């Protein structure tokens, strides 16, 4: 890395819990090295310094939920050479995208006394639905090691080592015992992307999909396995409609189950 | 269990880039020399190495130099994706890692005493060049020698001076065609397969070597069958995802074959069944 | 000449191995399964436990006796010793115009594998062919293999997922071990022990054991025979290779693909699957790089990625590659099948996909 | 300066969690308005909790906040457990407390070293501070890391732990495993003592106010998970009566709801409140050290909250050590229960102050209603009053310094703005 021009880093926040950007501050061992390798030009959670763009690398956390944010992301894209989205909110709309399956007006009046003050969109959408995204880092929250890997890869101009295979692979690499086969615990690991280190199975619980769907996810087959293990349709529906409920593969599966549960809601079925 | 190789097969040896020659807009040729003096790399035409770009990654690249000229290692590379694009940014003096050579060779001995048809498409000329050097050095061992070369456009033609020199020497019948002609192009426009129609050959004493995209190799082989060349005398060079080049990683399997250790060069009957299959 | 070892003296065998410098690796209970891990003493063995297995199903159960090796096979296999899930190959530093690479030291700690089943010995032999007998032997694998001591345990019972009899790989060990033991419960709890190598003979000589009586040897044989009789699953070998090669476009692949999760569990647990990924990493400064080798699987999209996309994009083509490789192209590549009939891929498939049933489906449709 | 007329506006508040803005209007030497504006978009947690299984609340509510997920998980578990009538005791309760110590350490140390201290020393960030105070920043990072390790050890990871469930845990550590934490905790205790001395020596503006301090109070222990709700002005209620005594309002300019103590007005929650109400329950080391550095048994200067936080970090390390040493493995990692209809309440001490949950379920444990009141919406009015007073008192400062000082006054509260925005008003007008 030449000292003459350190790449400028910016960290942006949209609707989110802050956990993903906090992961950067949680990299206690690497934080000062990151600060040495990049110029942290905009990162309000960590610094009062707020330098203008353009930025070489923008990390974007959170989903788009307001008209103002929909405009703000356009402006951020314009000043960012590389734009990387971090976390389930930014890559799939996050948990707040559960509103996408319901009537948002009912939501606002339920939560706020004066819904008129609230300026919100009907849907919570991932960043990639609004602007071109150069790389998506999944997870709720993202994994610290993967974040450092993405930054290193960016600095070294290589492809980040972020595999798209199942959680099962990580589980087996860690030589953990499969909770689905050995404990009869329903698990989303076989359709969920690796990255967390197969945490849940390591703690004897089933994966709940916080890294979103893996490549070629066979959601109907895993739903069938859950059924055979005694899970109710409602449970399976909720399992897909969780933290990454709005990601394509999980959404399609939950809608399929919903249609089966409530055929009358479907205008196409008499 | 024999003694352990030194260095181990998965450990690159450091080489320095001596020269970089830009061949076309996205193809360049490197001349590499070992960082450690006297560390040369003997190879046979058709073999490849694994080139490691520090911190970026490793890719298989065929050797395109002269096997009998001692010394430097020559590679012609197209900037395709992450690693090769980063390679294009490198300059003379920079270091890369080299493992190899790996793989088998073109059947240059089998071809002795025969007509030789070398059919290449695009960058396929690079892996074929060591064979051409060999033939030129030992021209008397071969009968008619054709180089049929299809490029996308005239500006994509690799090694134009050398092609001219080979052609002018009269030792090799060089025929070139392009997919898309441009101003000033007076040569052929069309596919390599079209060139096969016009050549003179003795089908019973002919060996052909083909290198290019799979679809091109498939149709070229078919055109050669029409000229009654037996499938076992047709050889192709295959490409698959490759991680180790040593036969450990399993990525490069094509049906029952490993490209890295059984290939990359195969005679047609061996690979035929798999060339036609669409895996998807 | 077989010897007898009292079950109560099993620890002396362990002590003898330790005295020879071996670390012990063997079965133990962990997270409701029997897995292979470092053993301190016989106390760690899963005494009195057995495993119940079916497609997509594994359950530990208490036995009604105190057998040490009264289970079949678990989710881990011995390939973790010779081809670990992840290992660093080298580290590199680029500084002052020089590139230097430092190879990871090869393992030097000898290991004794306790309780290796016959099918597992066959699996090790298969990986030997892949990783030692090719043009470039794997140095780590070679070092580990050369230093290992294998204590086989003959199967006296089988799981519902076993089919070693079809693959001619068990249930009794016939080669590839230093010691082989058969555990007998009745009339007394003993092991019938025999050596299979000079290393094993030396060890037995030092232990000064009694010979096993004819009756004890007969009991041992009967135990193995009992395991053989229990095996119900089948994977008939006749014409299998051609069947699979010819079934390339068969619609049954689509049926499997509707169930297969492409999760790769089957390849991870399989004792012969050897595919790996090479990962190049750097640190933040960019001065330091490493290469790691880790288990990979033909079920991954990235497995066949070349510039422009993957060759095998669908689960259909990936499962086809796996099964065809195991049972057909493996024969062309290494002169042996890639399956030893241990049944792990059947048990540990979360979707309960059973290769013996899938092969049968191809055969049945052929007959029609 | 006398007749100062100016509007000070900081559109993006730095070093706070979430997105908020500061608005200060001075006219003719008088402070007209002082606002903490919260424009963080709403996320409607309470709305989409309806219809979900109550067993999902620990995983879902954790996502309200990445900095204090455990606070939400604990509150959710307690409320849910009240509904089904179970009460994890013994090692399970201790493990929860240990997990919470991890969160306190992680969150407090983050605030002390990375968000708050740079203000006192005049740096834009801890990273800039590290150039001249490398040792201090490194100590902070290591202290924080141990807090995170504690959370990962019990919870699986530091942000949104996965091992927490209604009834207990999915898996509990063995005695042997838990003892591996000891060495680190011992180092952390010493470093926490140094932290107290270091923060106490900072330069504080002279700014004291008379607050109503609201916190939990437990007879036997410094409050984390449980207790009654008390205040220095005589409040002493069961947590299930929270709704009778506190209410939330929705004001324009803000996407958050603001809470007040009915009939009393604004109140303060968090370290100062806990400290004031529970000083006698701190460990002897904490009490002695507090006296040694001249803090006394109560602190009414919000700028000094950094010292109180350091004392609480020390407390958390000592408490963690106590738990680790006394740990025995529970019979089962969690208690069994059967879902049933009912309403349950949970109130725990998040690092920033009390966090209240109330859930109502049907027979099958499906949520009919959910209410969550996070600490920051409770502190918001208090923040604005601080701003008002501070601005009056600091009218002489040049704009730049006044702005910084006001920002600092907001940071005194370690506000968690993401949390503040997703909450249901109890009483719709």
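Order as written gives the chain letters A, B, C and D; numbering starts at 1 within each chain.
Here is the rule we use: a residue touches a chain if its C-beta (ideal position, glycine included) is under 8 Å from a C-beta of that chain, and two chains touch if they have at least 3 such contacts.
Predicted model, so just to flag it, every value in this text is computed and none were measured.
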Chains in simultaneous contact with chain A and chain D: none
Chain closest to the middle [Cα centroid of all protein chains]: A
Chain whose average C-alpha position is farthest from chain A's own: B
Two chains sharing the most contacts, counting C-beta pairs only: A-D
Whole-Å gap between the CA centroids of chain C and chain D: 51
CA centroid of chain B to CA centroid of chain C, Å: 40
Intercentroid distance (Cα basis), chain B paired with chain A, Å: 44
Where chain B and chain D are represented by their mean Cα positions, the distance between them in whole Å: 66
For chain B, residues contacting two or more additional chains: 55-57
Multi-partner residues of chain A (at least 2 other chains): 156, 158, 204
Junction residues of chain C - those touching two or more other chains: 280, 282, 286, 313-314
Every chain pair meeting the contact rule: A-B, A-C, A-D, B-C
Residue ranges of chain B in contact with chain C within the complex: 1-2, 4-5, 7-12, 14, 35, 52, 54-58, 80-81, 93, 95, 97, 239-241, 243-244, 246-251, 253, 255-258, 261, 277, 279-280
Contacting residues of chain A [partner chain D, same complex]: 13-23, 25-26, 28-29, 31-32, 35, 40, 44-50, 65-66, 69, 94-96, 98-99, 102, 104, 106-108, 110-114, 117-118, 120, 124, 140-141, 196, 199-200, 202-205, 208, 210, 235, 238, 242-243
Chain A contact footprint on chain D (complex, rising order): 12-19, 40-48, 50, 52-53, 56, 59-60, 63-67, 69, 106, 110, 114, 118, 124-128, 130, 137, 141-142, 144-145, 148, 156-160, 162-163, 165, 169-171, 249-250, 252, 254-255, 257, 333, 407, 418, 422-425, 428-429
For the chain C and chain B complex, residues of the former touching the latter: 89-90, 92, 94, 97-101, 103, 106, 130-132, 134-139, 142-143, 145-146, 248, 274-278, 280, 282, 286, 289, 291, 293, 296, 298, 303-307, 311-314, 317, 321, 325, 328-329, 332-333
Chain C-touching residues of chain A, taken from the complex the two chains share: 1, 30, 33-34, 36-37, 148-149, 151-153, 155-156, 158, 161, 163-166, 168-169, 172-178, 180-184, 187, 189-191, 204, 215-218, 220-222, 224-225
